[in-house]
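Structure provided below as structure tokens; questions to follow.
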Amino acid sequence: MSTERVSRFPVVELADMPEDLRERVGTIAEKSGFVPNVFRALAHRPAELRAFLDYHDALMERSDGLSKAERELVVVASSGANHCTYCIVAHGAILRVRSKDPQLADRVSSNPWQVRLDPRQRAIVDLSLALTHDSAKFSDADMAAAREAGLTEDEIWDIGNITAFFAMSNRIAHLTELAPNAEFYSMGR
Amino acid sequence: MSTERVSRFPVVELADMPEDLRERVGTIAEKSGFVPNVFRALAHRPAELRAFLDYHDALMERSDGLSKAERELVVVASSGANHCTYCIVAHGAILRVRSKDPQLADRVSSNPWQVRLDPRQRAIVDLSLALTHDSAKFSDADMAAAREAGLTEDEIWDIGNITAFFAMSNRIAHLTELAPNAEFYSMGR
Amino acid sequence: MSTERVSRFPVVELADMPEDLRERVGTIAEKSGFVPNVFRALAHRPAELRAFLDYHDALMERSDGLSKAERELVVVASSGANHCTYCIVAHGAILRVRSKDPQLADRVSSNPWQVRLDPRQRAIVDLSLALTHDSAKFSDADMAAAREAGLTEDEIWDIGNITAFFAMSNRIAHLTELAPNAEFYSMGR
Amino acid sequence: MSTERVSRFPVVELADMPEDLRERVGTIAEKSGFVPNVFRALAHRPAELRAFLDYHDALMERSDGLSKAERELVVVASSGANHCTYCIVAHGAILRVRSKDPQLADRVSSNPWQVRLDPRQRAIVDLSLALTHDSAKFSDADMAAAREAGLTEDEIWDIGNITAFFAMSNRIAHLTELAPNAEFYSMGR
Amino acid sequence: MSTERVSRFPVVELADMPEDLRERVGTIAEKSGFVPNVFRALAHRPAELRAFLDYHDALMERSDGLSKAERELVVVASSGANHCTYCIVAHGAILRVRSKDPQLADRVSSNPWQVRLDPRQRAIVDLSLALTHDSAKFSDADMAAAREAGLTEDEIWDIGNITAFFAMSNRIAHLTELAPNAEFYSMGR
Amino acid sequence: MSTERVSRFPVVELADMPEDLRERVGTIAEKSGFVPNVFRALAHRPAELRAFLDYHDALMERSDGLSKAERELVVVASSGANHCTYCIVAHGAILRVRSKDPQLADRVSSNPWQVRLDPRQRAIVDLSLALTHDSAKFSDADMAAAREAGLTEDEIWDIGNITAFFAMSNRIAHLTELAPNAEFYSMGR
């Protein structure tokens, strides 16, 4: 376990979490080999961590429509535009794993506007960026562009709501100055 | 029930929601006298609505620290900065009710930067605005200003996380073009 | 009369205004039932108040082209984009009265970019927004879009000049921290 | 008279203006040696031109407080920040004449934030810039800085209201694509 | 030689420069009649001045493709957008000389977005502005617009690289607070 | 050698470069084990590549003042703020090597504003960021903050001029859509 500060607020170690969270986070930790710091930081407020996990899974674990890699693409693009270190490093790692492409995450997070993607991926990222900043200007034209690229209504909902969920996560990470686990930096390279 | 379009995506009426949501949203509807449109829109995805309600309640219904009116102040200030019609109109109504001040919501939502507030309220709004836009620049100086104004660590957590939660909500409202219920416009005036 | 501070600078009550202004502002006050605070604040400089009234009337009281409600739509849209509390609250009230629509003002002021309007109204608001921020980029394309929507040259002039006049008014309100009269908040709801 | 287009809208030559405007603009033309294009463009709407002239004179011809050169400094700084060609070229010329400094106008208009000025001038320009962009954030701190630099309440009013008046003028110039008279470019160099 | 401060850092007079630079800058000084201040300021670091001169000449003295006046148009447009006093004043003078148009430089530097230009000049300026701010969003659409306006691949390279070189120069001028030589202000008027 | 497109413009392989460049770039390639793509892209214009190399070395290879790692810190911070994929990936690799810290580059490039650094490093990054965007507002206060942190005049010059040089490089990379070599992504991790 890193001795570096993980959060501006108190963190809770796995062993000290309420039983349901210990089990749930424990399962993730077993798969990853470590407890992602976001869970140690959010466990400061168990009810919030439970809702966070439920919301995350509802959006990120759906089996139809967007692939898992495409969902991570949304996360990395909008977190890159928001300059969120934790989400770029942690979800960049997951995107490397899911896309089996060791370069894609760094390209997308460093410049989601210019990164060369196939037309479907480009439409996914454009829709996400339209909601990341200045979302009050989101318009029928953004919807039309997504549909023309072949995205279904359910895929558009997912892209938009994943972007919204990470607009929240990015701000939690900025508030807490959340430090990524050392393991994420090299995973999937 | 308004015949106006509520969302860009299909909505689900109370009677058609899964039983747990029908009960939960029904309780809110009984208190308000109508079903807030955000629930009709999010019920398109029951698992997401459940997580949304849990997260909302975890942050907005806590009994210690910030008062209910102060929590709504955070919502209205950051939603005003984000130009989110649904959240301004709906939570503006709740802020009028909770603060018993018929002008505060319009003042805060129209100009959260300049509205004259007492020092504690100003510190609450400043912290929220520091995370609403350009949250990557959130800094120790923002934390120090909040503490100097007497806000506790738990209150700072709440302000930051409510702001983050509504960064999500505002984007969902912009994606869905969520229409406020007619009732909210005049409530508490 | 509210005991709240109306302006950062000294205000002049109706009875203390020079005769011509007392008469002119008095007529408005009789119709409204109160003296709008902008006049009490600007009467600090009678010559400026006279020019303000003349300019306002030349732009807002013209009988051809744009309707009165459309002129107020321009005011509320650009003042919303500028986050001007006084103009949003006061002209929001007038827009409710003129449009006989109790929701339109809150929708337009909270999000002039996304509010759903008919095509003529949308073209009016788009032209106004093109001059509200970054007006140095106003271009032939903005003119062409307005003309394609059927706006005449005189209507374009009016929309542009009303926007310009309220770019001034908004800044005067921000400088003076002008407080809206309590009456405006509920008028026309 | 230049054959170049002066405005996107019809212009009125001096001889064709209503008598009062012909006289008033004629007096200015005699002093300058030419009819400034802003008057030819605004005479398209005589009532608006009358109010414009009255407002301009009320703010720019006051004899106490700010000097004439200081009033032009406000105009050139805020018009520079707004990228308004007409106001930069025309009022730059007047500032050269009034300040007897052939470089000041180009320095201020090209970079009002960094131009080296004496402390009183710097405070004047800072106050103006605080209202030029993002005026919703104008605050007690801006007022305090102006007062600490020795500016009186009346001088602060003038700086703020001149800035507001040229926020309007700059937008009129951008709407009409107003061309500066050739004479202004070299005047006072 | 002006007694005004030229730079925030020590400057080197022509006579004190290393021999190669004395000769090279001397040739320029002979042609202009004075030593442009940028060379006195950069001579603080002879190796950097050498590279600066080499880079400048490689981009600005090429004989094919863009004309000399068109190269200066790029400089003045992007320096205007960057609010760089030194580059606007010095290269504005050169643009007046090269274009034989006494107004063009002031028009372009004050508002490069709206200045009326012929279609080739407009395409040149648009390409430059696309790289001046927010260059991460530079896209295939910007390339396509340039090509449609008839610009060759080599001309596009030149416009982009001149813009990039002056993105550097503007920042050096802002760091050093570089003062333009008095002679530039009136040259070519 | 990657078959992926390296630049929007023709590239020149090492073997086809003019002799002096072949030697100079060859030396770098031997050390790295590959030819960094920026040289293949810029060799399209040998005179520009020569000046680029000279300028780069003059700023990055100086032996006094800033350490090599600190110079790379400036590059990665400003390139991160500019969303320049090539410079983030390539100089991120060099920073990992020079700082012997496998995490620093990802932290700095993803969020140069919030990354926790020691006071000297923070002052270096702050000065660089003050010149990266909105450099027209660079002020005496920025200079004073740097000096208070103990940076010498020569170090300030270096930080500012490295930032300026990479403002250029970032724009060249955006224009050419420069692709980082595959080797850079994993170097030094």
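By written order: A, B, C, D, E and F. Residues from 1 in each chain.
The working rule: a residue touches a chain if its C-beta (ideal position, glycine included) is under 8 Å from a C-beta of that chain, and two chains touch if they have at least 3 such contacts.
Note that the structure is a prediction, hence the values are computed from the model and not measured.
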item: Minimum number of chain-to-chain touching steps separating chain B from chain E; value: 2
item: Chain E and chain A - chains in contact with each; value: C, F
item: Superposition rotation for chain A onto chain F, Cα-based, multiple of 5°; value: 180
item: Interface residue identity across copies chain C, chain D - same or different by half; value: same
item: Length of the line joining the C-alpha centres of chain A and chain B, rounded to whole Å; value: 23
item: Chain centre separation in whole Å, for chain E relative to chain D (CA means); value: 28
item: Set of chain A residues in contact with two or more other chains; value: 83-84, 111, 113-114, 136, 138, 174
item: Touch-based graph of the chains, sorted into line, ring, star, complete or other; value: other
item: Chain-to-chain touches, reported pairwise for every pair that qualifies; value: A-B, A-C, A-E, A-F, B-C, B-D, B-F, C-D, C-E, D-E, D-F, E-F
item: Complex contact set, residues of chain F against chain A; value: 80, 83-85, 88-89, 102-103, 106-107, 109-111, 113-116, 174, 177, 180, 182, 185-186, 189
item: Residues of chain F touching chain D in the complex; value: 136-139
item: Of chain C, residues touching chain D in the complex; value: 8-9, 44-45, 47-48, 50-52, 54-55, 57-59, 82-84, 131, 135-136, 138, 143, 153, 157, 160-161, 163-165, 167-172, 174-176
item: Contact set on chain B toward chain D in their complex; value: 111, 113-114
